[in-house]
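Let me begin by handing over the structure; questions about it come next.
First chain written, first letter: the chains are A, B and C, and each begins at residue 1.
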Amino acid sequence: MGLVARPDTSLVEYDPQSQEGWVTTRLDFLVNWSRANSLWPMPFGTACCAIEFMASAASKFDLARFGMERMSFSPRQADVLICAGRVPFKLAPIIRRIWQQMPQPKWCISMGACASSGGMFDNYAVVQGIDTIIPVDVYVPGCPPRPEGLMYGIMMLQEKVMNERSADKTLRDEMEPDPRSQLYIPPPMIDELSEPFGNSVHQTRSAP
Amino acid sequence: MATTTRTIEVELSTSGLDAAGRPQRVPIVTNDGGTAVALEAPPMLEPDLDGEHMLINIGPQHPATHGVLRLVLELDGETVVRCIPHVGYLHCGFEKIGEYRQYNQIIPWTDREDYLNSPGNNVAFALGAERLFGIDITERCTVLRVIACELSRMMSHFVWLGTTCIDIGAFTPFLWSFQQRESIYTMLEQWCGARLTTTLTRVGGMAADIPDGWTARLEQFIEHVPKVIDEIESMLTRNAIWIGRTIGLGVMSPEEAVNYGLSGPMVRASGVSYDVRKDFPYLDYETYDFDVPVGVNGDVYDRYLVRVEELRQSTRILRQALDRLPGGPVNIDDPRVILPPKHKAMSEMESMIHHFKNVMEGPRPPVGEAYVAVESPKGEKGYYMVSDGTSKPVRWRIRPPSFVNLSAIPRMVEGHLLSDVIAINASIDIVMGEIDR
Amino acid sequence: MESFTIVAVGQALGKSAPAPATPKKIPNRGGEANPSAAALKAQFGDAIHRVDVVWGETTVYIDPTRAKQIVQWLHDDPSQQYDYLSDITAVEYRDLEQPIEVVWHLRSLPYRRFLRLKALIQKGQPLQIQSVHSIYKSADWMERECYDMFGISFIGHPDLRRILMWEQYREGYPLRKDFPLRGRFSRSEQLRQALSQNPEAKYSMEELSIAEAFEELPKDMQQRLRAGEKTGE
């Protein structure tokens, strides 16, 4: 799967000037290994992707082997927010609030085309990608993605978690939205990210 | 009208209700012989809080609300005094987008709106569009669409069964139901390439004919699934916990059910035998031999029984449809609507022009309007389309059964306990994609 | 627990009525009209503007000021018995000169009939029509949605506020033809407005049945309610 060669995860760089010693890298490995293999998902399932998520959790594709069978519907006890489905503007403050309620360490998987970029819903009602509201770690494309696709996304997240280093002081920083506008990336960037692309550009004529 | 009655007899050690008809906690004590003996409930010792009501908010993110539904409940202790549902958290502008898409381009949208019943929605929309165009489809297409509709009915009811069991506390039937869904998914994937959002139909026909060997797989499925339904029923139907949690909840009388516009298993469990397949038929459903289950108590238990029986009736219809599947073309032979076969489009000028017109501009129906209703697993699903002669509809209205069914929830949960609200909500079988569109 | 008696559909039709069948080869226009159309004309005379039969479905164009009266008669009269309201919606045409149509889809379960009523509201007239909520409870949310998407006010509706968009939505009425597909504001502005709604502050005074709860609300919400924050537009 994938066209790009997977990075060599067994290679650990050692910088003598940094504070990292042998003990901290071993500790990192232990902590990351336990985090990656017991990610408790918070399924923020809204639409069709939620059904495929449920199918991934069911017996044929079993998410339990990733340590994820304990779906925590309370954000306080969750590690990874899996946003499965389209997010309309009415739901935007809800997902922001849920994200803020999750304690660190936390990650986010944006499952499906609608969560990643607005999907086929390029209209007045849908947020064009939840990365305009919350920081996303892994995007899983598909409409809906097959359970195998979601599992590949989860494995990518596990890889990302394994490569984390405690020496990186900014890793667990909470994102700070601008207090007046509540946006965490500047408006021109939001407009650019939300611009129509592909077929959507030409399909705004109501009559032929 | 001929009816067969099925009565379920269970022996409960207590009725679970006190003189006022409210649920009652009765500690189970066994006597020397080991049989359970019901005791009188102790007198209510809790202080009368005298009108201090509590406002509880459920959702929009909550595992048991079947999607992003928000319920604001006013509680008197544990009893619901008032319920205010808030919807719209999944409103994605389907009807607006429908005005900017050709008729065949709208079909993927119908998948996403009631996503548990994708093939059924595709068929419903195609029927509506064909009514607007004035097209009659081929025999083979009719039977294939019946197969698609019944498979999607089973898909939807399996999800309902699985998620309702989880809401009420039983986890195992969820895994069994979803395993059956996987069988249906495999079949649909072989047919059209997608598991869930199938886009099975086109105006005038289907996206593709069924592949070789598909009917054998369907036969296997029809043989196997009644055993699974029996197994699930053996877990739930005579289970004291299930009965205790579902009997007497959310009762709607027949007059109320009709006045609130309920449809599907909701209205049939209340005693009104309104099924669009029987009363306003489409796709030759009057030629199939199947029964419509009707409940007489109007509570959550009856809705459960109605849906499980519908699963069995669907296998019956599938058996008949498979037996009568005729040969012949799947798409009609009308170049105004159907794309010509590739070899013709590449060699004949006329076909190339038709191909060009149908892809670039889309098929254009005459000026008019049509409303076609089908029996979706949730109820009466209707598509109302208004055409002004162009290839994109002026108005595309989805009549959402779950939207109308859910509007009755304030009436249904009055006077019940907080945990009953979850059970009643589960019994309505809502899909937020359809409610909010 | 009392059981209900089963109500069958088509009971008023009698034994000799033909069994329902899938309609085939439906003519575009000029099919057989629903008998209720003639009955309406006989009962209401000039309040019935026109009767159309398109693709086998009868559409009756009625006077908007007498909509509720006509629907009430259709519901109550024993020869009509339209007890089931399927849908209420509205249609606006691309030609902006054409009036907005409010559409009711009615079914009579005892007679097994389907009827469409339409009331035309000319552009320039106030966008309002009578509510049928007192006749059919299912009209509640359908009329709220019509209000939310088109801005049509239903007079007599107990709680007319937005249902699909959030209550302080300022961009307008989405399904109107002058409302662009992607909305009027830029994406960042839409996001900013969406994020500024407080997801918990939805308890308006209508929803609180007792005044005591007012004290327990956060201060900013009390402020807003006192300042008369109205739901809807």
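Just so it is clear, contacts are C-beta pairs under 8 Å (C-beta built on N, C-alpha and C of every residue); 3 or more make two chains touch, one makes a residue touch a chain.
What you are looking at is a predicted structure, and each value in this text was computed from that prediction instead of being measured.
Enquirer: Thinking of each chain as a vertex joined to the chains it touches, would you call that graph a line, ring, star, complete, or other?
Expert: Shape of the chain contacts: complete, all pairs touching.
Enquirer: Point out which chain occupies the most central position, where each centre is the mean of Cα atoms.
Expert: Of all chains shown, the one whose C-alpha centre lies nearest the global C-alpha mean is B.
Enquirer: What pair of chains is linked by the largest number of C-beta pairs in contact?
Expert: Here the largest contact count links B-C.
Enquirer: Of all chains present, which has the mean Cα position farthest from that of chain B?
Expert: Looking at centroid distances, A is the chain farthest away.
Enquirer: Can you give the whole-Å distance between the Cα centres of chain B and chain C?
Expert: 23
Enquirer: How many angstrom between the C-alpha centroids of chain B and chain A?
Expert: Each chain reduced to its C-alpha mean, chain A and chain B end up 31 Å apart.
Enquirer: How many angstrom lie between the CA centroids of chain A and chain C, rounded to a whole number?
Expert: 40
Enquirer: Which parts of chain C, given as residue numbers and ranges, touch two or more other chains?
Expert: Chain C, residues with two or more chain partners: 94, 165-166, 174, 179, 181.
Enquirer: Note the residues in chain B that touch 2 or more other chains, in rising order.
Expert: Each of 88, 91, 93, 96-97, 100, 388, 436 in chain B touches at least two other chains.
Enquirer: I need the residues of chain A touching at least two other chains; which ones are they?
Expert: Each of 90, 94, 123-125, 204, 206-207 in chain A touches at least two other chains.
Enquirer: Could you please specify the touching residues of chain A with respect to chain C in the complex?
Expert: 89-90, 92-94, 96-97, 122-125, 127-128, 132-133, 177, 181-183, 187-188, 190-191, 194, 196, 204, 206-207
Enquirer: Which bits of chain A are touching chain B when the two form their complex?
Expert: Per the stated touch rule, the residues are 44-48, 50-52, 54-55, 58-60, 71, 73, 85-86, 88, 90-91, 94, 98, 120-121, 123-126, 143-144, 146, 203-208.
Enquirer: Considering the complex alone, what residue numbers of chain C touch chain A?
Expert: Those residues of chain C that touch chain A are 94, 165-166, 171, 174, 177, 179-183, 186-199.
Enquirer: Under the stated contact criterion, what part of chain B meets chain A in this complex?
Expert: Within the complex, chain B contacts chain A at residues 60-63, 67-68, 88-93, 96-97, 99-101, 108-109, 111-112, 115-116, 159, 162, 174-175, 178-179, 181-182, 185, 195-197, 361-362, 388, 390-392, 432-433, 436.
Enquirer: Which residues of chain B touch chain C in their complex?
Expert: Going by the criterion above, the answer is residues 1, 3, 51-53, 55, 57, 70, 72, 74, 81-82, 84, 86-88, 91, 93, 95-97, 100, 131-132, 134, 136, 247-248, 251, 253-254, 256, 258-262, 270-274, 278-286, 294, 296-299, 366, 368-371, 373, 380, 382, 384, 386, 388, 394-395, 397, 399, 403-404, 406-408, 411, 436-437.
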